[in-house]
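Have a look at the structure that comes next, please.
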Amino acid sequence: GGGNSGTTNASSAPSEAASSEAPKGALKVGLAFDIGGRGDKSFNDSAYAGLEKAKAELGAEIKELSPAGDGNNRADLLRQLADAGYNPIIGVGFAYGEDIKKAAEEYPEIQFGIVDSASNAKNVTGLLFAEEQGSYLAGVAAALKSKSNHVGFVGGVENDLIKKFEAGFVQGVKATKKDAKIDVKYLTPDGDFSGFKAPDKGKVAAEKMYQDGADIVYHASGDSGLGVFQAAAAAKKLAIGVDSDQRQTVKETDLQATIMTSMIKRVDVGVFEFIKAFQGGGQGGSNVTYDLKVDGVGLATTGGDIDDLKKELDAATEKIVSGEITVSAKP
Amino acid sequence: MTRTRKYHLTLIGIAALIAVVSLVRMISGQNDLTSSGTFAAALALAVPIGLAGLGGLWAERAGVVNIGLEGMMVLGTWFAGWAGYQWGFMAALVAGVAAGAIGGLIHAIATVGFGVDHIISGVAINLLGPGVTRFLSEVLYKEGTGASALGAGITTSPALSTKAPEISLPILSSGPNLLGDLESTHWFLISDVAGVLGGLTRNVNLLAIVAVALVPLTFFVLWRTAFGLRLRSVGENPWAAESLGVSVYTLKYVAVVISGAFAGLGGTFLVFFVSKYVEGQTQGRGFIGLASMIFGNWRPGGLAAGATLFGYADGLQLRSKGAVTTIFLFGAVLLLVYLAVKVRKIVRSSGPVEIAGTGAKEYTTMAAAAAGAVVLIWLWMVIDKLPDEFVYITPHVLTLLVLLAASQRLRMPKADGVRYRRGEQH
Amino acid sequence: MSSDTLAPATTAVELTGITKRFPGVVANHDIRIAVEAGTVHAICGENGAGKSTLMKILYGMQKPDEGQIRVNGADVSFRSPSDAIDVGIGMVHQHFMLADNLTVLENIVLGAEPKKAGTLDTAAARARILKLGEDHGLHVDPDRLVEELGVGDRQRVEILKVLYRGARILILDEPTAVLVPQEVEELFDNLRELKADGLTVIFISHKLDEVLSIADAITVIRRGTTVASLPRSEIASARQLAELMVGSELPTPEIRESTVTDRVALQVSGLTLGAGGYVPNATPESLRAAGVRLLLDEVSFEIRKGEILGIAGVEGNGQSELIEAIMGMRQTHGTVTLDGQDISGWSTLKRRESGIGYIPEDRHRQGLLLEASLWENRVLGHQTRKPARKGIWINRRKAKADTARIIDQYDVRTPGVDTLALALSGGNQQKLIIGREMSGAPAFLIAAHPTRGVDVGAQAAIWDHLRHARAAGLAVLLISADLDELIGLSDTLRVIYRGSLVAQLDPADVTPETLGGYMTGAIAATEEM
Amino acid sequence: MPAGLYRALLTVAGAVVAIVLAVAISSVAIVVAGASPADAFAAFFNFGETPRAVVNSITAMINRAVPLFIAGLAVAVGFRMNLFNIGVEGQYRIAAVVAAFVGSTFVAPAWIQIPVIIIVAAVVGGLWALIPALMKVGRGVNEVIATIMLNYVALNLAAFLVRGPFMGERAEGLLTISTPPLPESAWMPNLNFLFELFGLPAPRGGGLWGFLVVAILLGIGLWLVLERTRFGFDVKASGLNPSAALASGVNPKKMVISAMVLSGAIAGLIGVPELLGSNHAYNNNFTPGLGFLGIAVALLGRNKPVGIAVAALLFGFLDRAQGPLQFANVPPSVIIIMQGTIVLLVVVSNEVTRRMALRAEERRAARELGTDKPVEVAA
């Protein structure tokens, strides 16, 4: 596939926008979270960090809204922010794709940003992350660290976003060790988001992988990842976290020790840069991909478990940035 | 007498089942069918379902339908997480059980006290459980709180400060681990038994043992004590019970509160399993527990079988896709066994009456069974990889199939779901 | 109110000034009764007179608004039945109070369980029950499920429940309503024995000759108050007693002239049903050969227009199955023909549409929607017929008008057609059902216990309606436990015993005693047809 | 006072008391959360500053109420005869995905295509509900457990269909998977002119769903069916007393099948307003949970269309406040607590008032008969 085709042309957008003149008047930024909402110690909190930074550094007035537990009111939240005079407005999560598109058509005078989904209107900026690239690095690290030549991947929900993680990871492992074995398991089908809230299922799935001989399991399963870490701790093996630096967000010391690294996705950077660009007069209609080149994704080094792989990882990063390696977004 | 025979029959049945599964394992090479890992997972996944089911059993035996188990379980998870991170696992246990019991009390007040329809009150509790817990998280786990510093978030509590002990059987399952060695030989039957036993005796959470013990305990209390007799009489005919001086309201209250406590215990087990509260971690197990109770004909043994079946299928599904497809093979073998039994019976007793009376229908079912077996074997050979969506639903479909086969013999308590008012009998 | 401080010490129960009001109804008003110890004291009164309420008060199930209860000379005040049980009172209720899915033993010991080491001591309980059964001639199998028992056995279980608790004062609220004469005799023998042992019995029945045969004293209640309290010796006849009860003359169900025609309305032939339910392709012979117990065993009869065919039998001998087979609610072997047309394969609905009316044995269970209005109850069973129907719609206007007609013709005491059925007393509910089933000129009527639990006044009215309809050519299948009713109303009598019709009798020269003999199998079958 | 009016007044009074109590309980929660109840309740009624914001808010509330209303109707059909269709959730998902796919494949003028989509949804929902009905009638399988299990099956089947055979193309970079979009001929006209009638601006975007009209007609139709037809009578009879219904000639098997299928067919329509009104495709974010909420709505509305409409609007009203509450710094979960307590308290008060009404009825009957002379024996 060519999921990352937008990468190169757009990744320079933030810096371009930042240089323009900032408009006068109060900056009122609205943000609508994905299910889970603020305080999830992950994706949403990362977005919020970007928002707070905008408040601190750009003097923005901010308002953040969480959707209902089943996410039925996403579109309403966007409209409510728009009606209350917020501009720009950011939707966190690809699930806002359709709703942002409609809201953007309804409110052409307002700028929208959407995390994890491509721009789909004149006044929408897609804030994309090259998860597959970060996952590729996770794959490289896993392959190098694995003694059994056997690693695993646990996905929360079998949707295309999580499949990007799987695709990059598998490619990274295979590129490093051709004959390595990779177990893949998703917890729930697409549309059933309970897979992000099922640590017990994550634990059972990861347990099986460790029992079969895998020694490193990468998870992209939200709160279910907790189960993966526990399985790793019980089996005295390793795991790779996702989204934020989980070695820091997870507070249990026994679990921290199992988290070899985490694939970080800098939603905070994306959100902040988008707001900054808006202040500089940036217009939507294009995508910004936060990839390895702009440090939009990457591996966490807390704990120092992968410090010895720095050379190999830098090399892989180099190749991806230079375009020598293209990481596919589809398994 | 009859009881011993039933008991023996059950044992023989289980042995036969393991033999068939072992056979299927040998044919298909799917060792996960009887691996200790699968059974450990099955146990862990079955326990919360079984506890919810026991909760349902207690309530329904006293005549109160409890569809609010899910909500009570949610309350159990949250409070177990909240107390557990501060004061350890014993506190988690107490808080989880108490929270579930309070959910039960609300249900009891509505249904027993006010005579509200049982389903409706349960639905309201299912709304309230997640709402209240989310609210509590928003208040107590928000940024800047001490809990937040300990790793709490809006969707999770901090980890339990102490964990419930896990227990292994010495020599057999730990240390020399004889069962593990046997299992890895993959011998017919022997490895399977070793796998099953190993899975059920290695690193078992204390609460799982408690939960399993609660099944016979429930049977004992409900069927062997005076209290149990009174409780069941209330579910069968509350007016009769009332006329004999049994305090119907009190018993119903007690039963429903215990029911909620069981659901809360199930929630606590979920928290123990991953050592913290995670929003949404009950995953509809309250409903599945209710289903397993109906499946088990409102009896503890049957309920445990239902929960085990579900846990097993779910564990298998999570662990190995390949093993799940062998369910086709398993079904085929079962049908063939059924056919063999039928044929033998007909050959042996060729009484003309029986054949005349019931012949046609019998032959039709036999033909259907044979055709089914052929189709299943064909499916097993053709579909080596089912689409994932079909793998996820294996437990549910299995439950439906078993119900289709066995459901007509079910018998629920006669006054189950009936609104009872003292002194009113139309 | 200020009477007997001098009451003799032998008074077991003394009720003074008992008043109980329900919303809008005064069920008991200043009732006073004194029951001597060691006697059988009967209480009589028409439906709704307040007998059951009074007994429930004595048993602690309801609290009196005013009045005093004295048991064995001591003032008592009951908060619940357990208080009453504690002072030695036991009650057998008008309707069975048994849990079907529990065993006899469990039903008996419930609430007074013997315990051993925290568990239920079933062995001790079993021994005690068997001993009690031995002593009082009440034989039951303690380990059977109650749902498998017939009514006679259930009645015995009810009495054992009371005895098991060591009650010295027994309240029996209409215990004989479902028993046949032989069983009644047996029960009375038991009661006399209990009396001899010094127990006190309070006995309620609508069957006045029973009352006269067992009671030592009789209290009559009318409209919630005591109107008379007499020793048995002061009452000459049932007629006199009835007049005390209702203040007028006792009706009789006799028919004088025959209206039987020669045209067959309903013909039933070879109805057969095994205990395990309907088996396709089976025949009575094949079922018998396979050892299946038959609930219906080749039942055949015919009813002509203008004829009432009475079927006598102890409950549980296949009457319910027979009715359900004729109504199409249960699949059986054999054929049912209505007006020469084979209707065996028809649905219940179609049978009703073609002119079968049905007065069910249990009006609350099968006859009424208690929480629906009277006019909706009028529509029940007539959904597809005029005047209730208009195309796919229910014709509310006409249905209401027709309900008003029934209320008028059948003297249903009600404020109006929109009243909920549950607000009516049992007798009035029954009259509504009869009016409904008679409307639309049915060709054939099944009347199961048409006057059960109905007081004498309403009874007479119901008999009258049956007689009129019969004169107009209606064929009736009458099933009743009231043998006087059966003998008095029927043109032909058949006896059902263990699923088959065992005797055909002439109501003109049969006595309740011989009838009872056939019903219990004491007299051998003399099948003639 | 006529008995009917008395009963209605009693019911309304009970509901008001219940809501007041629920408000009091939620206020406690709000105070605990450190916010002011006054602000919170102001937020419920704060529909926005500008006319357009008000219009948007009203639209959001009604658009939320429409599917809830239909879900309530679907559930009520079964509940009226004590048939517990817990499977509404699965029925509407399956129906929506199939209807969306059929609608995108079959193109015709709007007046043909829209009805076809609606009919397809109803048929699919009805067929899916037929499964538990047949299981119950044929094998005596309890419908509660069967429908719960079938919900999981439906959810997965819908996911499979939208990811597999029914998947449409999607724009580059979009991660939502959906069926092919409906052609414009299948877009249901909106009702924005209603706002214009009052001189208000039209809401933007999809606007007020045109399906509202269908829903109202459905409610009236169902009311007629349940209250005025023979079928409705049979449903009521089966619910009040199954054995009496049987003896009256009602075929219980037929009733189970027809009520379940009718319930499923209505359930099939739950997703249609969203499909025709705004999404124009079934995607993997399609609004979930309507079936379960439908149970609460139906019970709150006492299984009667008018009551269900009121309950659905109440839920829509509460749900709409999710945003405004957060603007007022109140945790939005207060809404779920309010919904739960309202459901619980309203049913408690329903029960209390129902009993009071019955008591009054009996008393009235007794009073009016009180003048009767002693019973006379008819000759």
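Per-chain residue numbering starts at 1, and chain names A, B, C and D are given in the order in which the chains are listed.
Basically, a residue touches a chain if its C-beta (ideal position, glycine included) is under 8 Å from a C-beta of that chain, and two chains touch if they have at least 3 such contacts.
The chain lineup, named per UniProt: B, D = ABC transporter permease; C = ABC transporter ATP-binding protein.
What you see is a predicted model; the values in this text were computed from it and never measured.
Trainee: When I count C-beta pairs in contact, which pair ends up with more: B-C or B-D?
Mentor: Counting C-beta pairs in contact, B-D comes out ahead.
Trainee: As a quick test, compute the distance in whole Å between the mean CA positions of chain C and chain D (ABC transporter permease).
Mentor: About 45 Å, centre to centre.
Trainee: So, what's the distance in Å between the C-alpha centres of chain D (ABC transporter permease) and chain B (ABC transporter permease)?
Mentor: Each chain reduced to its C-alpha mean, chain B (ABC transporter permease) and chain D (ABC transporter permease) end up 31 Å apart.
Trainee: Measuring centre to centre with CA averages, how many angstrom lie between chain A and chain B (ABC transporter permease)?
Mentor: Computed from C-alpha means, the inter-chain centre distance equals 37 Å.
Trainee: List, in ascending order, every residue of chain D (ABC transporter permease) touching at least 2 other chains.
Mentor: In chain D (ABC transporter permease), 156, 159-160, 163, 335-336 touch at least two other chains.
Trainee: Can you list every residue of chain B (ABC transporter permease) that touches 2 or more other chains, as numbers and ranges?
Mentor: Residues 130, 134, 138, 284, 389, 392 of chain B (ABC transporter permease) each touch two or more of the other chains.
Trainee: Where in chain A do residues touch two or more other chains at once?
Mentor: As it turns out, chain A has residues touching two or more other chains at 69, 189.
Trainee: Chain pairs in touch?
Mentor: Contacting pairs: A-B, A-D, B-C, B-D, C-D.
Trainee: Of all residues in chain D (ABC transporter permease), which touch chain B (ABC transporter permease) in the complex?
Mentor: Residue list for chain D (ABC transporter permease) touching chain B (ABC transporter permease): 29, 32-34, 84, 135, 139-142, 144-146, 148-150, 152-153, 156-157, 159-160, 163-164, 292, 295-296, 299, 331, 333-337, 339-341, 343-344, 347-348, 350-352, 355.
Trainee: Would you mind writing out the residues of chain B (ABC transporter permease) in touch with chain A in their complex?
Mentor: Per the touch definition, chain B (ABC transporter permease) meets chain A at residues 32, 35, 37, 40-41, 44-45, 130, 134, 137-138, 141-143, 148, 150-151, 153-156, 158-159, 203, 270, 273-276, 278-281, 283-284, 315, 318-320, 388-389, 392.
Trainee: Can you tell me which positions in chain D (ABC transporter permease) touch chain A when the two form their complex?
Mentor: Per the stated touch rule, the residues are 48-50, 52-53, 56-57, 60, 64, 155-156, 158-160, 162-163, 171-178, 204-206, 278-279, 283-289, 319-320, 322-324, 326-327, 332, 335-336.
Trainee: Which bits of chain B (ABC transporter permease) are touching chain D (ABC transporter permease) when the two form their complex?
Mentor: 67, 106, 110, 114-117, 119-121, 123-128, 130-132, 134-135, 138-139, 284, 287-288, 290-291, 294-295, 387, 389-390, 392-393, 396-397, 399-400, 403-404, 407-408, 410
Trainee: Please output the residues of chain C touching chain D (ABC transporter permease) within their complex, sorted ascending.
Mentor: 23-25, 46, 222-223, 246-251, 327, 329, 347-353, 358, 360, 365-372, 376, 379-381, 383-384, 389, 392-394, 396, 411, 413-415, 418-420, 422-424, 455-458, 460-461, 464
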